[in-house]
Amino acid sequence: MELVFALVIGALTASGVYLLLRARTFPVVVGLTLLSYGVNLFLFASGRLATGQQPILGSSASYADPLPQALVLTAIVIGFAMTAFVVVLSLRNLADNQDDHVDGNRKQDEDSEEAKQ
Amino acid sequence: MSLPLVVFLPFLVAIAAPLFAQGGRTAIAIVSSIPAIIGLAALFPHWETLAGGGVVHNSWEWLPALGISFSFRLDGLALLFALLILIIGLLIILYARYYLKKGENIGKFYALLLCFKGSMLGIVLSGNLLLMMIFWELTSLTSFLLISFWTHKQDARRGARMALAVTGGGGLALLAGILIIGNIVGSFELDAVLAAGDLIKNHAMYPVALTLILLGAFTKSAQFPFHFWLPHAMQAPTPVSAYLHSATMVKAGVFLMARLYPALAGTEQWFYMVSFTGMATLLVGAYVAMFKHDLKGLLAHSTVSHLGLITLLFGMGTELAAVAAVFHVINHATFKASLFMAAGIIDHETGTRDMRRINGLWRYMPHTATLAMVAASSMAGVPLLNGFLSKEMFFAESLQLNLPGIWAWIPPIVATLAGIFAVAYSARFVHDVFFNGKPVNLPIYPPHEPPRYMKIPVEILVFACVMVGVFPAYSVGPLLYSASAATLGGEVPDYHLAVMHGFNLPLMMSFAAFIGGLIMYSQRQKFFDFHARFKEVDEKAVFEAVVSRFVELANRFTARIENGSLQRYAVLLVGSAIVVAMVPLATMGIFVGENGLSPVDWPTAIAAAILIFCALASAFLHRGRFTSLMFLSVVGLLVALAFARFSAPDLAMTQLSVEVVTMVLLMLALFYMPSWTPLETSGTHRARDIVLALLAGGGMTLVTLAMLTQPFTSISEFFLENSKTGGGGTNVVNVILVDFRGFDTLGEITVLAIAALGIYAMLKDTALTPPPGDGEGHAWTRDAYPLMLKQIARPMLPLALMISAYIFLRGHNLPGGGFIAGLITSVALILQYIASGMVWTQDRIGIKYHNVIGLGLIFATIAGAGSFVYGYPFLTTTFDYITWPVVGKFEVASALVFDLGVYLAVIGATLLALVSIGRLSPHSAIRSPRENV
Amino acid sequence: MSPLAEYTISALLIIGGAFTLIGAIGLARLPDFFTRLHGPTKATTLGVGAVMLSSVVYFSSTGQGIGISEILITVFLFLTAPVSANMLAKAAMHIGVKTMDNTRGKPWDQ
Amino acid sequence: MLDRLSFPQPWLSLILFLTWQFLSDGISGGSLVLGLVLAWGIPQLTQGFWPERPAFMKSWRMPAYLLVVLWDIVIASFSVAKLILSPRKPEPVFVCYPLQLEHPLAISILASTISLTPGTVSADISDDEKMLLIHALDARSDDEVIDAIHTRYEKPLMEMFK
Amino acid sequence: MNHWLTAPVLIPLLGGILQTFMGYAPIALRRTLALATTVLLVATSMVLLTMADDGSYRAYAFGNWQPPFGIVLVLDRLAAFMLVMTSVLALLAHIFSLGGADEGNRQFHTLFLFQLMGLNIAFLTGDLFNLFVAFEVLLIASYGLLMHGGGTVRTVPGLHYVVLNLVGSSLFLISVGMIYSVTGTLNMADLAVKVPQVTGENALLVKAGGMMLLVVFALKAAVLPLCFWLPKAYASATAPVAALFAIMTKVGIYAIIRVYFLVFGDDAGELANLGMDWLFPLALITLAMGVMGALGADNLKSLTAWQVIISVGTLLAPIALGSAESLSAALFYMLSTTWIVAGLFLVADLVASQRGSAGDRIITAPMMRHRTFLSVLFMIGAVAAAGLPPFSGFFGKLLILMSVEPGPQMAWLWGTILVGGFLTLVAYSRAGSIVFWRTVDGHVETARPLKGTTAVAAGAMIALTVVIVAMAGPINRYTEDTAAQILDTSAYIDILQTPMVGEDD
Amino acid sequence: MITIALYASIAMVTLAALLNVYRLIQGPDAPDRVLALDTLYINAIALIILLGITLGTRMYLESALLIAVMGFVSTVATAKYLKRGSVIE
């Protein structure tokens, strides 16, 4: 089971990183989301895996580590806020540059540089 | 405390001086003379002590940690320089009164001049090397401002920058050198350093320190090959040039060598470095001076040459040579200052400094001409003038050097050669300017004598030249003796100041130089022709070119590295993380810990396979954005399932809710974006990215595997034990969130709130044109609010509200809580927005989300701060079981109020963010007078 | 746990699983979008409903009380499945997905 | 907004109250009080979202209708299952169903019912709310579908929403 | 328990909440309240400074939970130092913003105050995960602030900044996970106890986590090769924001000091002095890169932005060496450089407002109206930044130079800092002489008269460098004590024994 | 017996999920994918319920409830995006 879980995290990270390195805002956002899924799972896993041991007192004989769960919850929320912000930022980028390239409108830059020379 | 007074008074007056600028030039000149007069008066009483070989100390602690103290020290050498600075400074002030024109910024001029004077005094009077260092750099800075006084002149600005770069840069080397010395000696106090000469010279770091210190001294006193800044500093107003290049700025370098003479001199390194630099400078300066047509240019190069001479003398390392050096410092200061002032007068009265045009001035200004001729003769080394005396000593010393074989001939030959040039350029100065026919095309014609008082400083200095020249022993004898004693550290050799020492070799050399110089001058045209064959190098242009080249290089380098490509930066970031983590991970390899692997159950494995597949698919099919989004959605769902599968119901719920809101968010954004990502990254880049991605993924897999199989204990036992008893809830995760680590949660909802506010602010004035149809060219439907959706969505709202109330209330004991409840409410409201539109929904909600956010934060904060009342720390929760009739026994927990804050903040933030984006849509005609959002 | 409850639960579980699977098969196998739309709306909904019911029976028979959540889920599913189907059908008609050859009648223009 | 101590939507309030009792484990004093509070508060908050109050004239007919639908769902599922598993190709048809119902909620309920029952999915409602587009998975003729729907579902609904 | 410790967190929080509510209140009122908040913050941080100066650690356990279980705020000299540095800077930047930079949208003050809250939490917290949360608070606020002011120039740099920091946040979480998965704790004091006991594969895990954490901090601190997001982002931010951002890199440096000296310090067994051997050369290269950037900068703001990078390099090199002297020197220099850089950003903005279309670009333009005032400010700032006497930069650098033990490291450090200082001087003199002196005839049409608030704020910010010199003795004494306290980790660990309220009774 | 039925049920639902994923990949059109996703949501509900029964706990039921609500909103939003572009307007 641990190997399966590890592979899942690896796949999420790899996909996230790959998308993160794309040149357009949208894939980057998707990549960040995937990466944060991977990271959340990883942080969750730092309390080890447990089946049917939800940390609700009285519902089971032994309990999974509740602390990573609380941390992940915080991380999910923060990740959501950040994703929302970066999504909007990419919209703003689109509005300002008429292009969704992560570096703004590259063509425009080149034109203006030519104009300068 | 007279010494600090001498140093700091100029600064104080500098602050006040500009105020007197309104009162006219005379007023400000008088005010500016005060520090010098007081300074002289303050130094005078110490003469007794100094004449007896004593030293005056004034000091108090400043920064003991740095070894800096306000330590001032006056000995003969310092006195000599201080007198030069003060007296010539006084004369300059008087001179400048007449030199500067009415419209100029005299306030700034005098203020800077005073600051500069203070800095110079600081250098010579400092008793602590670091303190001296501070003043040293201050002279660089103030001289920078003085040289560029006429900021509208490009040459002035460039000259100033060059001076600053060379002297300031040299200063940094000096700093390093001084720090090493301080390290060796263990103190920066001058007394200690001077006493530790042997320790320093025998230390392994001595060569380094010496080099660095000499670098500082050489740059400051314009030694070859750093001499080039000095002539260009001539762009300054002439009073400044006269001051900087006779008695002060350049002499600071010389002073340094004199000051540290006991500590550093006397070794082979010292000898070779100093004397050869001096020799080169002596020759180069003298040679170039000959060919300058600019009056001040000639003087400047002659200054370079004379500084070389002094340096050479110090470099010789013999005691007599040092005395000669000190003597020449005095002489050079007097005659060069007067020459500069004379040049300034000529410039002032004729409007030009070009010697090819200024001719025959004798007829127009005989008084000035007389003064200038005397001073120039002193420069040439004519007997009965002070320049002759020190030059004789120099010639004598050049013969005393114990160099092996043929080398022994070099110093005297160089000295004579330089003497020839000196005579030649002095002759040129005199003959070209005052005789040699008639003036050519002068801008101001006819020239006449300057105002009476403008000549007084020159007269005083020329008088000094003559006095020293004729009665050396009586005029400067005691001062020279005391200064030499201080330079050499007590032991002064026998020397004899007299006009004549009889017919000896040095006199012969003088004679030869005199004759040779005159011949050279008479044959000058040939030399000019010879010199014209070499292309004149404009050092300013070179410097400027070097700097611009450097700037351009830096620019190009920076642009190459910092190329504005996020992809590059992201690769660097991810790459760095991989590289640093790789080292330990490579050691570890594939590692399965003590706990071993637990058995796989197939449904989970299949779900995991789907997850992995969809994650990879969303990456590799990312160019079709919608498809990628669908895969992402599956991944989100399966992550939630994974949380549920591995005992985290709270997380599963949170993940689900967040995932849906994220999905809506992404869809909102995708509306405005192209639906396809073009293929624009090159194959190699993609290969690189894939490698990075695989490394990152592989690394995470290894870490996770190792981590999951290793046993560990954590602090969580505490939470499980105290959750019910201390936190009043059985849902430990929730209790951690609102109690044990409530502060994290407070931060987290703040993040959410800030994000929403930031989004709102960012989109306030953004205008986006949506595409008219989807990627395949279908125009959008008209039907914005489908009937069925509208009808079903409405009854779902109360239902969802109830569910969220349920989830909220049970959260403390069962999976749920304010955050999830808040998201449920948000999603239910978002559904209304989707189904019925902005206007409709907004009208019915009727509250500002800003206020909801604020309310949420307030609730959370107040819930936390309530404990202050009882003296408990922030966020201490309390709970109790209350029994009411009918209701029965129930739990009241302050954590619930905190959770309510979370609930509200989540609703406000989520909706504010989404609605802000929705408002961009051209269809949403939400422009009601009172803006709800 | 009474045998009756056990049988009921088992039967419901099997039925639920089977219908869910059949819905999925339909989704995978049927030839065009509109025919595929039928699978999830009916079979899957019913399948999940059956699983839900088994859960209700299971937990009430193990003495953990009557789970209203399951009922609520089912209600939600029945409430929302037609709307989802409707929305998706509208989207499909808008995009103009291909219908199978023997379809009679025509989708509306959107 | 919360100025009235009334129940603007009594049916909704009742549903909410009852559901709450189920949600909270077992009926107790606490759940009754809380249920009451919610049953009052939520409709107060959301009443703005129901601009026209649903005209449940004969709401008691609802349970019977629901039972019929539930039964039909089970039947529908079996028939669809059969079709899915059989190798025979379905013969789908798009049917335009002329609506007699007028209330939008009633139309929505009808459309939902159609979607949940044998072999039909309501695909669209015309802009003027007079026509329903139905996709039947396997049907012989349009009229057959129209008749079945009309008699089995639309009529009871019409009676309810009179 | 001393409630003062929460003041730096709660004051901006409440102020920020107030601003949220007051979106539509008159701007004068909002400004007054916002400014009052910042003033209050300065006052409290001063109080905390005097408190911390007795050399003891004060812990504040949120929720009255014994560390390591609950979250603690820890006040020591270092934290108080950072608080004062930040609040003073923030006050002046805030005053500057009242000159008009806060207009445009209604969120400026809210975001500004929340950013301060994030910063203060970061400085005070004694919990690794809470540090993450603090980072996020200050980052998200900084994202918002960075985008403040309209126009299209800051979008792309802002996007880069945000995306990179999001990746950084992910890395932070991964590191926290790795460290927690071995040690089972998040409290820094507890980590300092547990990390030394870690061995074998576990040590490798912690090592990997710790190194990745260093990458995160290095990203925040803008160490090469992770510094490229900074210049454009800072140069495009509005002036008060850029000034406040001068602190942002220092947070990274603070975190390095806090975590690496406490948790991975000399006593950390297998993990002692983790990453410091990487940090030293990187810091020097960063410095060199910053100098290159400064030389090539084509406007005053990016020149200043590169100065930020130069100071990061200058700061981290002595920190990596890790002796008490070098730490103390670094702290002294940090104070000086942070304030100077902030002041330079403000001055650059004033210059830009006086030069019409030329802005703050290093090109010829008509003479500006308040040339003398602005050029004096710039000159002081430049001299201080380049590390020339008589201003504070010189003393900072001097301390750093003197703190190194002789050896190859000394040669590298001295060489880089001195040559770097020289080239910086060239860059500043070039920029200043062109901007202030090389004028063409004509008038700037759009020049706005200098406002009192902005002029005073910028002047005061620059003047702080003189204040530092005047108080160099006491400040140096304080930083020395701070360094000693940082290196004495055992005292920090004692906060685990802090008695909780009600326990003694 | 319940155990066997449970396993059978889980196996079938898992298989169903696989088939849904097949449809998700296959497409061919966007609505197909959304439909597959929607079905996957419903399958997930079933899986969670089954998990709850397997573990004998009701702790996960609310997660299922949430999927029912959230999945619907997600599907609706996606469908609206497909035909209308702007989800919230």
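Think of it as A, B, C, D, E and F in the order they're written, each chain with its own count starting at 1.
Operating definition for what follows: a contact is a pair of C-beta atoms (placed from the backbone, for glycine too) under 8 Å apart; a residue touches a chain by one contact, two chains touch by 3 or more.
Quick caveat, the model's predicted, so the values are computed rather than measured.
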- Identify the chains adjacent to both subunit B and subunit E in the sense defined at the top. A
- Message: From the centre of subunit E, which other chain's Cα mean sits the farthest off?
- Response: D
- Message: When I count C-beta pairs in contact, which pair ends up with more: A-E or C-D?
- Response: C-D
- Query: Looking at C-alpha means, what's the farthest chain from subunit F?
  - Reply: B
- Query: Which chain would you call central, comparing Cα centres to the global Cα centre?
  - Reply: E
- Message: How many angstrom lie between the centres of subunit A and subunit C, each centre taken as the mean Cα position?
- Response: 32
- Message: What's the distance between the Cα centroids of subunit D and subunit E, rounded to whole Å?
- Response: 61
- When the centre of a chain is set as the mean of its C-alpha atoms, what distance in Å lies between subunit B and subunit D? 74
- Note on the structure: Whole-Å distance, C-alpha centre of subunit E to that of subunit F, is 48
- Of all residues in subunit D, which are in touch with two or more distinct other chains? 19, 23, 111-112, 122
- Message: Where in subunit E do residues touch at least two different other chains?
- Response: 129, 133, 136, 140, 143-144, 147, 156, 159-160, 163, 167, 174, 177-178, 180-181, 186
- Task: Note the residues in subunit B that touch 2 or more other chains, in rising order.
- Result: 564, 566, 570, 574, 645, 649, 668, 670, 700, 703, 707, 712, 714-716, 719, 740-741, 744, 748, 751, 754-755, 758, 762, 774, 781, 783, 786, 788-789, 792, 795-796, 799, 803, 814-815, 917
- What chain-chain pairs meet the touch criterion? A-B, A-E, A-F, B-C, B-D, B-E, B-F, C-D, C-F
- Message: Touching residues of subunit D toward subunit C in the complex: what are they?
- Response: 19, 22-23, 25-26, 73-74, 76-77, 80-81, 84-85, 89-96, 111-116, 119, 121-124, 126, 133, 135, 137, 142
- The subunit A residues in contact with subunit B across the complex are 1-31, 33-34, 37-38, 40-42, 44-59, 63-67, 69-74, 76-85, 87-92, 94-95, 100, 102-103
- Item | Complex interface listing, subunit A residues touching subunit E | 20, 25, 28, 32, 35-36, 39-40, 42-43, 45-48, 67-68, 71, 74-75, 78-79, 81-82, 85-86, 89-90, 92-93, 96-97, 102-104
- Item | List of subunit C residues in touch with subunit D within their complex | 19, 22-23, 25-26, 29-32, 34-35, 37-39, 41-43, 45-47, 65-66, 68-69, 71-72, 78-79, 81-83, 85-86, 89-90, 93, 99-100, 102-108, 110
- Touching residues (chain side subunit C, partner subunit F) in the complex: 6-7, 9-11, 13-14, 16-18, 20-21, 23-25, 27-28, 33, 36-37, 39-40, 44-45, 47-48, 51-52, 54-55, 58-59, 62, 64, 67, 69-70, 72-73, 76-77, 80, 83-84, 87-88, 90-92, 94-95, 97, 110
